[in-house]
Structures are given as structure tokens and as C-alpha cells.
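Next up: some structures, all given as C-alpha cells.
One chain, chain A, appears in both complexes that follow, with chain B as partner in the first and chain C in the second.
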Partner chain A sequence: MNMQIVRFSLAAALLTAAPILEMASANDFRERGKAAKLSASAVSITPPRDWNKLDIRPGKFAETWTLDGEQLNDVTFYTGVEPGAPLVKERNKKRKPLPKFGAETLLVEVPELLEGTYRAYKEIGEFRLTGSKPGSYLGVKGVEFTYDYTDGDQIRRQGEAHAAIIGGKLYMATYDAPKIHFFQRNIADYRALISTAKIM
Partner chain B sequence: MMLSALGVIGAILMAGAAPQSKTRTAPPPPPFQGVYQPQGVDEIGLWKVDDENESKLSNSRAVIHDEALTAYVKNVLCSAVGNDRCNSVRVYIVREPSFNATMSPNGTMRVFSGLLLRVRSEAELAAVLGHEFGHFERRHTLERFKAQRRGTDLLSWAAVLSSFNNNPYARRSFDDLELSVYGSLLRFNRDNEREADLVGLGYLNVSALRPQAAARVWQNLMAETEASAVAKGMKRPRFDRVAYFASHPPEGERAAYLGALALPEAADRPDGADRYRQAMGPWTPVFLKDQIGLNDFGGSEYLINSLASDGWTSTLWFHRGELFRARGGQRDLVHAADFYSQAIALDPLYADAYRGLGLAMIKTARPTEGRAALARYLELKPEADDRAMIELTTASLN
Partner chain C sequence: MKTLMGLGAAALLAMACAPSAAGQERTAVKQGFDLRSQSGKRVLVFKPKVSVGSQSTGAMFEPNAEWTEQAKRNIEAALTEHQASLGNTVVEAPDASGEKALLVEEYVNLFDAVSQAVVNYQFFVGNRLPTKKRDNKTGVFEWSLGEGVRDLPGADTADYALFIYNKDAYGSTGRKLLQIAALLGPGIAVKSGEHKGAAGLVDLRTGDLLWLNADFAMGGDVREADGAQKRVRQLLEGFPGSVADQQTASAQ
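Now for the complex of A and B:
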């Protein structure tokens, strides 16, 4: 009898907790024209159109925004990566370490850092940097580069990224989308989005 | 049905036990029986599923569509198992930097690029491919499918029977049975691997290649695993223990019994190392880059050093430089600059080596030399993708 009461109260507690849990794990809406802060950092962005922010973050310094789902158009912001830290959370620090951003990392090497991170994290061989040139991000001189790769789902993706090193920390935005149709469809949205990024 | 299942397991156990005997070498393969065709509803079904997988694979971007490389690997397989047998196989080289090769029921062989980087000779490659062919010839996928079905059938009935009996002993008996069935299925898989090793070495013993190479593959892999673990600050791995979930026998055991199964008088046969090196030539830099991308410092350093045992080339020095520069400690960068210089000494027109050298020097407080190296890089590769960034880097040094 006692057991039944315990079970009932446990079920009741779970039922009442469910909406709260659901809210806590929901993805967020980023409304057009409303400034939003990135990963509790000093970077703010005012999206020119509505975006979704995914709740699951790739790492301590990263967060992902998307229009139709991360497999179709994925904008990931890496905000204030500190020297000695990897871009995304390592699956296993000891067995499968990821390349780290370093105090000595040069701007010209940032594309290689992203390449190393993708190759090691996804364990793929098919990744190609297709070009890099001086650009700007957060109003600071930086690097702009492009790449393509084939992910584990065998879909060929194309990417464009903008990065800058500010105060010894790395700030970067990447846009990854399938080469067929999606990359071209939303590249302008990505560029418009990151052009509103500001560091306070 | 159960008795015949036990019979199959028993037979394979015996086949598995045979390799551990030091007095017996692997027997030659039986005469070729003709083209393989699926028999029975299970095997026909497996082949149909596999045909679909193969058509997806053949259009996949993961496959390296290099006619010469694929033909070469297929030839090595044929030189091990004979032309009759190898006609039933289609080889696909998959660009994936791990050590692996697979064979599926309809004769699709996937050879991973990571395997091609790791083996050193035709004989070593033939040993792995012969093992995979052994799985095909003995219809192991079908056997595993049937064993799994038998095991899960048994568990389903046991679940029904134990549910009739509402006491903890029935539940515990079911749990014990479950562990025992899963354990025996995993053991069955390991015995399949042992049998494929035995069959594979049987082919090598009657081929023109050196069968002792098979043990060498596993010795090299153990050394690489150990180098990788040491660089990561982990405990030295054990190669003599069989874990409950292990899909393959431990590497130490395989190296030992493969060595014993090889025909001793065949130790003088050629291993085709020169031909192998030549065939892999254009692909070695690509596979090395993929390997370095895995961020496994110890493993990559081991592989580069082992490739260099036949002599250092500019490609090997360059990739060693890339490996050290990617790790990026100050000491690493000094070493990297040295390795790039060695690459340039062997090939003064190696543009990418100048790039690495320049960047490594800039980061080790040698900007003047670094700028000169980067200028040389742009001179040798005027259309470089990162030209503007390199120019920006050198300009910022002023």
C-alpha cells in the first residue's frame, strides 16, 4: 500500500515537472530585429530574419543557429575561444583529443584549425579548404574562408566561415549546408546575419 | 536444430583452436568449386540487401574512384586467393583513415584507405584481404545471422516461460541465460575471425607471397596502438586479454598463431614491398594528411617513422612537420621547422614545405627567415588559395 502511494506521488511529481523540463530543453526562437547575446558572451546579434537557436550546444564556446534544421543550414558561432581550448566539446578528452586554439595560433592558421577539428571530430578524410582571404568579423580585421567536405551521412557539404582573433581569443562564425541547393539558398541569409554581429 | 547449432559452434571452435598449435601450418584451400551463388532463403535475402548497399556504395563520394589503384589492390587479392576465386569479388577503396577492410555476403570488398597507409608490402595487404575473403568463402555473415536468430529465438521463448513463473529465481535464470547467449554469440564472432585467419593464411601459404607477413601486420598495429596510448599519457594497452564484448581475438594472440601457421620454408619468398610502395606513391601524401587529421599524435608519428624505415622522403618530412606544427607547442614548432627544412633539402621546389617552414619560424620568433620562406612559397605557388592571407601575415610582421 505504501509502495503504491510512493509510486503515485512520483508519477504526479513527474507529470508536474514535465512542462518545466520541456521548456528547459526547448530550442529557442530568435526573432527578427531583436538583439540576442551569444553564449552569454559580449557578442550580440540582431537577426534580419527569424532564426532558430538549437538548445544543444556543440561546446562551451559554441552555439548553433539554423533555419530548417542543422543538417540543411547550420550557422555555428564560436565565441571567445580561449587559448588551450578546443572549438567544440571533446567526446573523450584523453582518447580522442581535438586540436586546440593556441595563444600562438596565427589568423592564417584558423582555417587549418577548423579543418583539423572537423577531420578529428567526424573522423573523415574528405575535407578540402578551398580558399581563404582577409575579411572582417565583429568589425575587426580577420579571415574569411571556404571549404567543402563529405560528412558521415555521405552528403557533400559546403562551408563558409569568418573569424577574428580579439584580445587573444578566437571569434568565428561558420555556415555549413549541403552543396546541392541549400548552400546557395541561404548563403545571403548567413552573411546578412553575421554582418549584424557586434562585440560590446 | 540446437544440436546442429552446437555442432557448427563446436566445429568452428576446433578450427579456432587449431591456429594455436605451433606444429601445424595453415592447410591449403580446397579446390575451387565454381562461381559462388546464394543458397536458401536466408542467403538469397542477404544478397538482395547487399546488392542494394553495393549500388549505393558504388556512387558514394567516400569511394576513391582511381582505376589504377583499385585494379592494383584487386590484383593483390587475386595473387593471394587465385584468379578463379577473386573473380567473384568487387573491390572498393573507401577513403576513411582507420585500419579496416570488410567483406559482405555478395562479394563486395571495402578496403579502407587507413589500411593501405598501414601495410608495408603486397604480402601484408594480401594477408588482410585473404582474411576478408575467408569470411566470404566460409559464408560467415550468413552463419552469424543464423546464430543470432537462434540465440534471440531462444531468449524470446525463455522470456515467455520465465514470465509464467512469478518468482525472483526465474528472473535470475533468465538474466543468466541472456548473458550466456550474448557471450556465446560474441565468442562465435571471434571464432569466425580465427577461422578467417586460418583460411586467409592457407591462401598465402600456397601463393607466391611471403606468409610471414600476416603476423607482421598485427605486430605493427600493436606497436602503433602502444605509441598512440603513450603519447596520450594512457596506460600501455594489453594485447592478451579477451573482453566480453570483443568482436575480434586479441592482437597478441593473432600475431602469435598467424606466425605459427605460416609455412616456414616460404619465409624467403618476395613480399612485394617495392611494388607496393610504388603503387601507393601518389596516394601516400593524401592518406598521410587524412591520418594527421585524426589528431592522434603518437599513432601518426609511429606511422611516419615506420614509412621512413625505407628512407626519408620529402613527403614524409613535410607531413612530420605538419604533425608537429598542428600540435603547436614551442618545442614542436622548432622541430617542425627542422622537418620542413629537411623536406626542402630533398626537394627545393616543395612549395607547401616553405609555407609550413615560414609559419613555424614566425611562431618561434624568427620573423625574418619566416617572411623569406613565405615569399618563396608564393613564388613557387603563385595561384595559392591562401595567397592574400599569407601576404597579410607577412605585411603584419613589418
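Now for the complex of A and C:
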């Protein structure tokens, strides 16, 4: 076995072993009525009902909360995304680069940023923005938009997002769930949750 | 070559001795649900979702149409043979077309997602979601596909629906060699191949998951008729109201 194969093998082995290590760690409890800070930020959320925060984070600026698992109801908070950074961690910067939030990015362009990220990150072809309008997030003017897409598991999902740009950084919350049953079941929980978000 | 085979045998032996994932459960029943054998209930069986392929060195799934087709035929034949032992009236879901066929496909995919969530976040105790952990203290198993199941073709003629999901990825030669190299080098256990399956009984009025049997390390090579028989037996092990289940219950 030559060195190149061994090197590749070890890298691949470590990659494959990583989920096992992550699976073994505990997910965090976000208890109703108790303020919780989002990772490495000054944003605080006081959940109106019990939620779970997954230990596996999609990226430096992102964290995922769920009620039943990210496949069924996924609230992802993107907090303080800096200019030049992607929304989630790039798996392959050269071959599969992700769109970046930029210093010039306007609020109206944020839905497109999420669409581009989903298309590249989730490797999906079908994504449709279904609505976009001025809204608010974290107590400031922002954008609110809706979308649907079919994920790699062939499940049609619906999404709703709220975003704002504060101090040149992007703050956004998204809610994604299967169109059947789950989106409607928890959309009110998502809206109630993000209505408590504030910058300390 | 002999040396490689020797190393392979040593690696496989070491992996066989490695402890399995602690606290992994496989089956759950919704509290209060009881199904007696021959109770006159009707169970609607949807065609299983089956996908078979290989696992590349980097763990990517590469579907194989020929294997999938063969496995589908084998599993469906084994399922038909196994139906008599399920203990209630088993009815095949009517053939659907157009929108109805899409709806069935969507629910089969949704069942797959729900069963994966149950395995990841309820059965795997070490990874259980805190909200589920809290609930589980009182023995709660609450998962649902929603009341929309009432619109599935044939739903108005039955009490329950049986969904089956099955995915097999057979390790490529590269993957198997990697498994050995990783264990002998940094001592990391790398899985070669993936054999996941789930069978679930759903209430056709509420969409609630009444029983789930799911395992991400199933036996039986579904590409062979005998292997598919074994797989179906595993998938339906402990099916509520099955003949074997009732015999176990009366023996206790």
C-alpha cells in the first residue's frame, strides 16, 4: 500500500469516525423560560417551550435547535456572520465553494444567499423562493421570506426565515420541516421562539 | 497477499470483539397500544422502500439499480410469505397512480425520516434529545406522521398501515482495505457497509407511530432470496399481534 493511499485512508477514516464521536456526545437542553445565549454571540433567546440544541453545528456561526430531530423540525440560527464568510462550514473550498455573505450584501439579497448555500451544501437542484417581504428580527428592520425545496432524502420541505444585518454582520433564523405534517405542526413554535431573540 | 489476509482476519476479529454502541434500543410500542392476534384488524401494507448499492472508500453511497431491483423482488416475495404469521388481516395497498402514487412515496420517505430520528434521538440512549429523555422517564414514545395518512389510497379500508424502509450499502474493496488500515494504523474502527432497516405500524386515523422496529446493523444479504427472508423476519420481529408475538406473550 503506497503512502498516498495510506494518507487518504487515514483522512477518510477520521472523517468517518467523527460522526461516531459526535453521536456519543449529549445534546443540550434549552428549557422553557430560561434565557440561553447563542454560540459565541450576544444574542439571547428565552424559549417559550422546551427545545433541544444539537451538539453537531453546521458551522462557526450556526447552531441547530430541534424538537424531534433535524430531519423533522430544524431551527438554525446564523449569528453574526462576518463579511467574507459562508453561512455554514465549507466541505470543500475548491470543488464545492459556498456563496459568502459580503460587506455589500443587501437585505433583499439574503434569500438568494440562503438559496445558493442550500443548493451547494445540500446538493439539491430544486429550491423555490415562495415569498419575501420586509420584516424584523432582533428588534430591527429585516427581511422575512419563505421557500420550499426537495432534500437529498426526497422529502419536500418548507422553510421560513427571518434575517437582519446589524453592525455589518448577518443574523438569521430559519425553520425547515417536511411539508407533510411537520411544517404546520411547529411553525407557531418557531415564530414564538424567534420573537424572544434579542441582542444583550 | 497472505500477510494482507492475515491482517484482515486480525482486524475483523478485533472489531468483532469491540463493544457495540452502548444503550442502543431497537423496538418501541406506543403506550397503551395492544394488538391481539386475529382481532379482526386490517393492516394495509405499502410496498417497501428499498435501495441497495455499494459504499465507496470515502463512505459515499453508490446506488446499484440491478441489486435494488433484485432486492425489491426478494423482499416483496419474503413479505408475502411472512404475512400469514402477522396474525391479522393483511391487505396490500392498492396500486396508485398520479398524485396518489406521489403521496404514497412521500409518506414512505417521511416514515424513513421519522424512523431515523427515532433511532438517532430516542433509541440511541447516549444521543437522546433532552426533551425526549425527560419524556422517556415516564415511558413516553410519541411520534407521528400526522392525520394526513387518512388520504393514503386504501386508508379507508384498514385500521393500520405497515411501512417498511430498507437500505443496504455493501462495502467496496477499497472500503474494506481502509477498514483494516485504519484499525491497524491509528486504531480507529471504520464501518464497512451499511445495512439499515425499519418497519413501523401507523394508526390510519391519527398517523401515530404505534410500533417501530428499526436497526442500523441488520443481517441477511437482500440480493439473495434466503437473505431477504432473514431480513424480513428481522424487520417484523415483535410485530404486535403476530403469531410469534402472541406465543411469546402467552409463554410469559
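Odds and ends about this structure:
One rule holds in what follows: the second predicted complex is superposed on the first by the 176 of 200 C-alpha atoms of A that agree within 3 Å, B and C clash if a C-alpha of one lies under 4 Å from a C-alpha of the other, contacts with A are read in each partner's own complex, and residues count from 1 in each chain.
Methods note: a contact is a pair of C-beta atoms (placed from the backbone, for glycine too) under 8 Å apart; a residue touches a chain by one contact, two chains touch by 3 or more.
Values in this document were obtained by computation on a predicted structure and should not be read as measured data.
In the superposed pair of complexes, A:Ser132 makes contact with chain B only, with no contact to chain C. By the touch criterion stated above, A:Asp28 is placed in contact with chain C alone, chain B being left untouched.
In the superposition on chain A, contact is made by A:Arg185 with chain C only, not with chain B. By the touch criterion stated above, A:Arg156 is placed in contact with chain B and with chain C alike.
In the superposition on chain A, contact of A:Thr76 is made with neither chain B nor chain C. Of the two partner chains, neither chain B nor chain C is touched by A:Thr174. Look at A:Thr64: by the touch rule set out above, it reaches neither chain B nor chain C.
Of the two partner chains placed by superposition, only chain B is touched by A:Leu106; chain C is not. Shared interface residues of chain A, touching chain B in one complex and chain C in the other, are 154, 156.
On the chain A side of its complex with chain B, the touching residues are 94-100, 102, 104-109, 111-112, 115-116, 119-120, 123-127, 129-134, 143, 150, 154, 156.
Every residue of chain C that touches chain A in the complex is listed here, in rising order: 21, 57-59, 105-107, 109-110, 112-114, 116-117, 120-121, 124, 126-132, 134, 143-148, 177-178, 181-182, 185-186, 188-191, 207. Residues of chain B touching chain A in their complex: 60-62, 95-98, 113, 232-234, 286-287, 290, 293-295, 326, 328, 330, 333, 359, 362-363, 385-386, 388-390, 392-393. Partner chain C is touched in their complex by these residues of chain A: 1, 6, 8-10, 12-17, 20, 23-29, 50-52, 66-69, 71-72, 153-156, 178, 180-182, 185.
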